[in-house]
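Here is the structure we will look at.
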Amino acid sequence: MSGNTFGTLFAVTNFGESHGPAIGCVIDGCPPGMALSEADIQGDLDRRRPGTSRHVTQRNEPDAVQILSGVYEGRTTGTPIALLIQNTDQRSKDYGQIAQQFRPGHADFTYWKKYGIRDPRGGGRSSARLTAPMVAAGAVAKKWLFEHYGTVFRGCMAQIGGIEIPFESWEHVPNNPFFAPVADVSRLEEYMDALRKAGDSCGARIRVTASKVPVGLGEPLFDKMDADIAWAMMGINAVKGVEIGAGFASVAQRGTVHGDSITPGGFETNNAGGVLGGITTGQDLDVSIAIKPTSSIISPRQSIDIHNQPVEVVTKGRHDPCVGIRATPIAEAMLALVVMEHALRNRAQCGDVIGAPDPGQSAAEGTSPQASFL
Amino acid sequence: MSGNTFGTLFAVTNFGESHGPAIGCVIDGCPPGMALSEADIQGDLDRRRPGTSRHVTQRNEPDAVQILSGVYEGRTTGTPIALLIQNTDQRSKDYGQIAQQFRPGHADFTYWKKYGIRDPRGGGRSSARLTAPMVAAGAVAKKWLFEHYGTVFRGCMAQIGGIEIPFESWEHVPNNPFFAPVADVSRLEEYMDALRKAGDSCGARIRVTASKVPVGLGEPLFDKMDADIAWAMMGINAVKGVEIGAGFASVAQRGTVHGDSITPGGFETNNAGGVLGGITTGQDLDVSIAIKPTSSIISPRQSIDIHNQPVEVVTKGRHDPCVGIRATPIAEAMLALVVMEHALRNRAQCGDVIGAPDPGQSAAEGTSPQASFL
Amino acid sequence: MSGNTFGTLFAVTNFGESHGPAIGCVIDGCPPGMALSEADIQGDLDRRRPGTSRHVTQRNEPDAVQILSGVYEGRTTGTPIALLIQNTDQRSKDYGQIAQQFRPGHADFTYWKKYGIRDPRGGGRSSARLTAPMVAAGAVAKKWLFEHYGTVFRGCMAQIGGIEIPFESWEHVPNNPFFAPVADVSRLEEYMDALRKAGDSCGARIRVTASKVPVGLGEPLFDKMDADIAWAMMGINAVKGVEIGAGFASVAQRGTVHGDSITPGGFETNNAGGVLGGITTGQDLDVSIAIKPTSSIISPRQSIDIHNQPVEVVTKGRHDPCVGIRATPIAEAMLALVVMEHALRNRAQCGDVIGAPDPGQSAAEGTSPQASFL
Amino acid sequence: MSGNTFGTLFAVTNFGESHGPAIGCVIDGCPPGMALSEADIQGDLDRRRPGTSRHVTQRNEPDAVQILSGVYEGRTTGTPIALLIQNTDQRSKDYGQIAQQFRPGHADFTYWKKYGIRDPRGGGRSSARLTAPMVAAGAVAKKWLFEHYGTVFRGCMAQIGGIEIPFESWEHVPNNPFFAPVADVSRLEEYMDALRKAGDSCGARIRVTASKVPVGLGEPLFDKMDADIAWAMMGINAVKGVEIGAGFASVAQRGTVHGDSITPGGFETNNAGGVLGGITTGQDLDVSIAIKPTSSIISPRQSIDIHNQPVEVVTKGRHDPCVGIRATPIAEAMLALVVMEHALRNRAQCGDVIGAPDPGQSAAEGTSPQASFL
C-alpha cells in the first residue's frame, strides 16, 4: 500500500537503502514444491550488478543473494521466501552537501517534501540499487513460468541516446556490455566514452518480450495485462514512457492495418503486442520503455538547497552515465513478475475453464482445445 | 482483484455490460461531508456520451446517472456511493454471427479463451461503454480535489490518425467535437468524413494534465504516481502507449537538458511531467497516451470462428471510427482517480509531515513552508 | 479498504442504506460458467427477510433480488455480478428526534463522531438490513462450493437469551421461526412474547457449520481460515464473540483431551472445529457466535444528544426484539464467503499440489491421495 | 494475500521458520519522523522470549532485533522498516520421525495436505516462534500510538487451565512469569509444576485492553474495529475464541442492561468493549481470548503417519506446557497493529472531519469538540 509491495498473489515486498546494511525482499505466495537455490537467482543478479564494464557505475558489489526462509531441502514450501543481499561497498563519508541540496531531475526534492526527512546516502531508497531485489524476485517467477508454460523472457537495448540500434539477433545480447542485439557495438562504445568525457548522461530505450505466454491471462477492466505491465515498467527508476505492441505508432495506423488478422494457424502480425482487451492472446508480449538520462552528473546544474536558496549542484561519485544500460534484466524481471501474478490469478478464477492453461504442462504440450492454436 | 476495482482508499468498483439492463459503479472511501448531487457528475458524462456528433457512434444514450447511496441531504456520508446508469438504446437482436467470430484487434478472442463464455452483445464487458462509470467516479474525485487543493484536470486531442494537432489554447477544447485545442477543426472534419466513407478507423493521441497538484503524492518504489498513471491510462480501452513529461523524447535527451533546473521560484521546465522518483513535484502532471484504431470496422477482415475455421469478418452496427475522440474526458477521469487515491494515501502516512498538503486549504492558500514555492 | 468489500478473489462490495432507494452488492471474481439465476439467490433472502413471524420486525420487504450484470444466457461470465434489492417499505417521516440523539448500544454515536454526518433513517448504513446483500452474495458462493466440493452450510439457534437450546436435529431448523434445532419451540415463543411485552430485547447464540470442506484451505500466519471466519462473524451486526470448535471451553481442557486423535479413517473428535494451524482439516467447520441484545428498544434509556445534553431515549418503530433470530442465514452466508475466498486462493497458489482439492469433482468423489481419508 | 502480511496501510510482512537462519518482518507504511531504535522494540521481545522461567520452553534465544532499513539518524524515513532476528538455538538434528508423523492438534497434518511439503524442524512456519516479529512490529505501532494519542496497551492472564484468575491490579503483571494480575501466584506455580510432571499441557484465557483509543476508528460494514481485532487475535497460534466487551455473556443480557448508558461525562459501563457499530467509542478496547492447550506433549497420542498408517506420537523436545503464558505481549502487539492500521485509515478518509482525532496531539490534550467528552 505504501508502494513497496509488488503483486497480490505473488507479492514481493522490497526493503532497504543504497547504503544501509542490506537490501532484500520477501516473496509471499510462491507455489510450493519448486526446486530453488541461490544459484537460480544469482545469474540475473550478475547481469544487473554494477562494476562489470567501464560504461556503468564502478561501485563494486557482488550482490550475493541469501535465501533466509521458504525453502526446505531445496524446494519451496509455499511460505514466504526472504532474500537478503548485503551492501558491501558503501562510501557514505561525505554526504553533507548532497543532503542539503536537490539534484535536478532527482527524487531528492520530492522525498524531502513528502517525508520531511530523507536518507541521502547513495540516493537512499530512491537508488536504482533497489532494483536488485526486484531482479532476484523476478528470477523466481521466471523459473516457475518456464517450468509450467515454457515461458521465456528476453530484453535488449533498442536505442541509446540518439543512436537507434537495429535488431539483429537475441544471440548478441549477452556478448556486449549494452545488452545490444547487434554483433558490433563499437559505435555504442565510442558514444558512451564521449559522453563520459563530457560529464553528461543519456537516455535509452529498452525492448522486452515474453514468449510462450499462456492465452487468457489478465483482467478485463482495470488490471489488464498491459495496464499492469505499464505500471511495472513505469515503476522502474527513470522510466518515462511505455508502449505495448505498435505503441505510439498505432496512432497513425488505420484499423485495417492495426488489427492483427487471425488464421487457423495463429495471428498474422503482432501490433497488439500480445494483449487484446487486457488479456493475453498467446502471442509474444512485446514491450518498449523509455529511460531518461541519469540525473546524477558532474556537469554543474542550477538548483536550490533545503532553505530554498539557489545553489550550483555538481554530483561526484560513482554513477551510471546511462542507467538504461543495466535496465534490461530489470525490465525482464518486472515483466516476469506481472505474468506470474496473472498466471496465479487466472487459475484462481478460471481454473475450471476447459482449455484454460494447465499449470502441469507447458503450453506447447497441452492437450487442451486451444493448445494446437498456440 | 479480478480487475474491476480501481484504487484502494478511493476504491471504485465498476459493473455492467454494454447491453445489460444497467451499468454503474460503487465508490468506497469518499471522504464525508462533501456536497454532491447527480448534477455534479452529469457534466462529464455528457462530454463522454455517444451520439453528440457525426464523428462518433450514433447510439443514443442519455447516460443519466442516479445516486443510490452514500449521500444524505446532499452531502456524502463516508459510506459507499453507488452510481447507476440505465442502458436505454441497446439493439442486440442480431448478435448470432458476431458471437461465433473473433474481430481482429478485438477482445472477442481473449474473453472467449479466458472465460470459456462471453456476452457478445455490443462487446459485452469489453465495450468502451464501461468507461461511463469511470467518468462518473472521476467527477466525484475531481470535485473533492478541486475543493481541497484547487486541482484542475484538462485534456485535449493531440493527434488524430496522421494529423498532429498543435496546442493553441485550452479554450478551444469544448468548442469542437474532437476536444482539439485549436480554433479551426475543418481539416479534422474532412479527415474523419473521408475515413468513415472508406469504412476504416484511425488512432489518436490524447494529452491530459492536472494543475495545482500537491507536492509529495505518490509512493517510492512500486505505486509511483507515474506508475499508477500508466496503469490507469493503459487500462482505458484501446490505449497502447503512455508517456509522462518528455516521455520517449527523453531517450535522446542529455542529462544536462532533461533534468529540470530548480530556482527559488520553482522549476524552470517540466521534462519530468510533474513526477520525480514517483512522487509529485507540485508542477503540472503531463501525460500523453496513444489510442489504437477501432477494431469494429465495416471493411472485411480475415479471421477465424470459434471452431477455428477461417471467416471474413465485417462489423456492421454503430461504432466510433476513432474511439480516441471520446477518450479525453475518460483520461481526465482516470488521472483524477489516481491523484485522489494518492491524496488519501499521503495523508494516511504523511499527515504529520510539516508542510504536508493540508486537506482543509487549497495549495495556493497554504501557509505551509513549501507553499510559497509552489 | 473503507470496510465495504468482503474478500479479495471473491470480492463482494456492499452498498446502500436502510431507507435509501436500494441496497445491493457487486461480486467480482466469480468463476465463469456457473448456472445462476435470481431463483438461486432468493431462497436464502427469504429465510432472512423481515416480517415472517411475530418475533421479528414487522417491516414488510419482499427483498426481491435483481441480477444487473455478469450473467449471460443463464451462466456467469466471470465479470462482476451486480445484485440489486429495492427498498420498498421505508417509513422515514419522523426521524427528527432520532437524528439528534444517540441510542445506547447503537452505532448512532460512533458514526456521528467518525464521519461528522450520518443518515439516521432506519439506522442508515448501520442497519442490519445491509446483511441482505451479504446473504445474496453468500448464496452464490454456496452454489459454487456445493457444485465443486459438495460443501453444505448449516446454521441454527443454540441459545436465546437465558435459554440454552439442545441440538436435536438439523431437520427442525426450517420448521420454526427461530431456526431452532428442536421439535418443540413453545418455550421460546413464550420467552419472546414476554420479552416483547416488557419492551426489552435479548441476545442469542448461533452455531454455524460447513460440511465437506476441502482439506488445505486457509493461510498459515494471518489469513488463517479461523481468523477470517472470526473476522467475518464479528463483522455481522451485534456479534460480540466468536468460537471455533471447542472455543472457550478449550481453556480448561488438557492437551491429552483437546488434540483430536487421528486414525487412518479420519479424526476421532473435532475440538479443532475443522481448522489446525489456520488450515482446514477436512472435518466440519464448527463455529459459534454471540449476538448482543437489540439496542433499539422501547424501554427508556439514559443518553445524550448531539449537543452533549442528557436525554431519555425511547425507540419506537419496527425493530427485532432479538436480532439473533434472523442471524442464522447471515452467519451461513458469511461462512460461505470465507470458504469461497480461500478455495480460490488455494487453487491459485497450491493448484499443483498432488492431492489438492480439484475443482472439477466433489471431495467425496475425488481420486486424489487424501480423498479416501476424507 | 498468502497470509503473511498484516494490515494494508501499516503493513507487516512476516517471514521465517523456527529453525531457519533468521526470522523477521518488513513494516511498510510507518509514518516518517518518529524516533526509533532497536531498544524501543527489544523490551516487548524480551517479555515474549522463551527460557525466562521454568514454566515455558527452555529454548534459549536472545531474540535480539536488528533494524535493516527505514531508519536514518534515529528517525523513521517513511520507507520499509526491515527487522531481523537471528535464530541461534536451533536443534534440528533429529526430526526424522516428526517429519513422518502428524501430531494430534498440530498444523503438521494441514501443512502437509495444503503444500505437499513441510519444514518439520521445530514446527517450521507454524511455530509460535513466528510471533516474535509480530511483537517487534507491534512495538513500533505502540510507540507511534502512544506519542500521538497517549494510547496504552495492556494484557494479563485471566485463566490458566481450570484456574480463573481474579483481576487485582495491572501492577502485578510484570512481577510474575504468568502475566497474572495478582500478587500471589503460588497456586499457578503448583498447577504448572504438576502439569509438567504429568506430561500434559493446558489452555489459557488472556485479556488485553487499549486505553486512550481515539473515537471514530474502524469501518462500518466489514473491516469493523472488532472484526479486525477478532481476525488478529484468532490469527495468534492456538487461539480458539475471541470476545469483545461482554462477549458471550451478552447472550443472556437484556437490552436494558447491555446497552451502555451515556451521560455528558461519558459512558456508564463498557459492555460494548469500546466498539459500537464497528467503530471505537473512545472507551477502552476490552478483548478476551481463549488459547488451547499445547499440542506438542510427551504423553503418547494416537495418530497416523504420512502413509496413513496408525502411529503413537510422543513429542519430545523443548515445548511450552501452556503456550498461553507467553501470549500476553503477543495479544497486545496484535491489538496495537489493528489500532494503528485504523488510525491511518481514519485520517485518510476522515482527516477533514471536525473533531476527528488529530495526529499531532494526544486525545487528552485535544481542543476538538469531542475531546472533553473523552
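Should a chain be cited, it is by its letter among A, B, C and D, assigned in written order, with residues numbered from 1 in that chain.
Quick note on the criterion: a residue touches a chain if its C-beta (ideal position, glycine included) is under 8 Å from a C-beta of that chain, and two chains touch if they have at least 3 such contacts.
Molecules present, by chain and UniProt name: A, B, C, D = Chorismate synthase.
What you are looking at is a predicted structure, and each value in this text was computed from that prediction instead of being measured.
Colleague: Where centres are the averaged C-alpha coordinates, which chain has the largest centre distance to subunit C?
Modeller: It is A.
Colleague: Mind checking subunit A against subunit B and telling me if their interface is mostly the same residue numbers on each side, over half, or mostly different?
Modeller: Looking at both copies, the contact residues mostly coincide.
Colleague: Taking each chain's centre as its mean C-alpha position, how far apart are subunit A and subunit B in Å?
Modeller: 26
Colleague: So the centre of each chain is just the mean of its C-alpha atoms; given that, what is the distance between subunit B and subunit C in Å?
Modeller: So the centre of subunit B lies 38 Å away from the centre of subunit C.
Colleague: Any chance you could list the residues of subunit A touching two or more other chains?
Modeller: Each of 1-5, 8-9, 14, 29, 32-33, 78-79, 114-116, 125, 220, 345, 349-350, 353 in subunit A touches at least two other chains.
Colleague: Please name which positions on subunit A make contact with subunit B in the complex.
Modeller: Going by the criterion above, the answer is residues 1-6, 8, 14, 102-107, 109-111, 113-116, 125-126, 130, 159, 161-162, 200-205, 215-224, 226-235, 237, 239-264, 268, 271-273, 275-282, 290-295, 297, 299, 301-304, 308-310, 345-346, 349-350, 353-356, 370, 373.
Colleague: Which stretch or stretches of subunit A touch subunit C in the complex?
Modeller: 8-9, 29-33, 78-79, 148, 220, 344-345, 347-353, 359-360
Colleague: What residues on subunit D touch subunit A, complex-wise?
Modeller: 1-5, 8-9, 11, 13-17, 20-24, 26, 28-29, 32-33, 66, 68-70, 72, 75, 77-82, 114-119, 124-125
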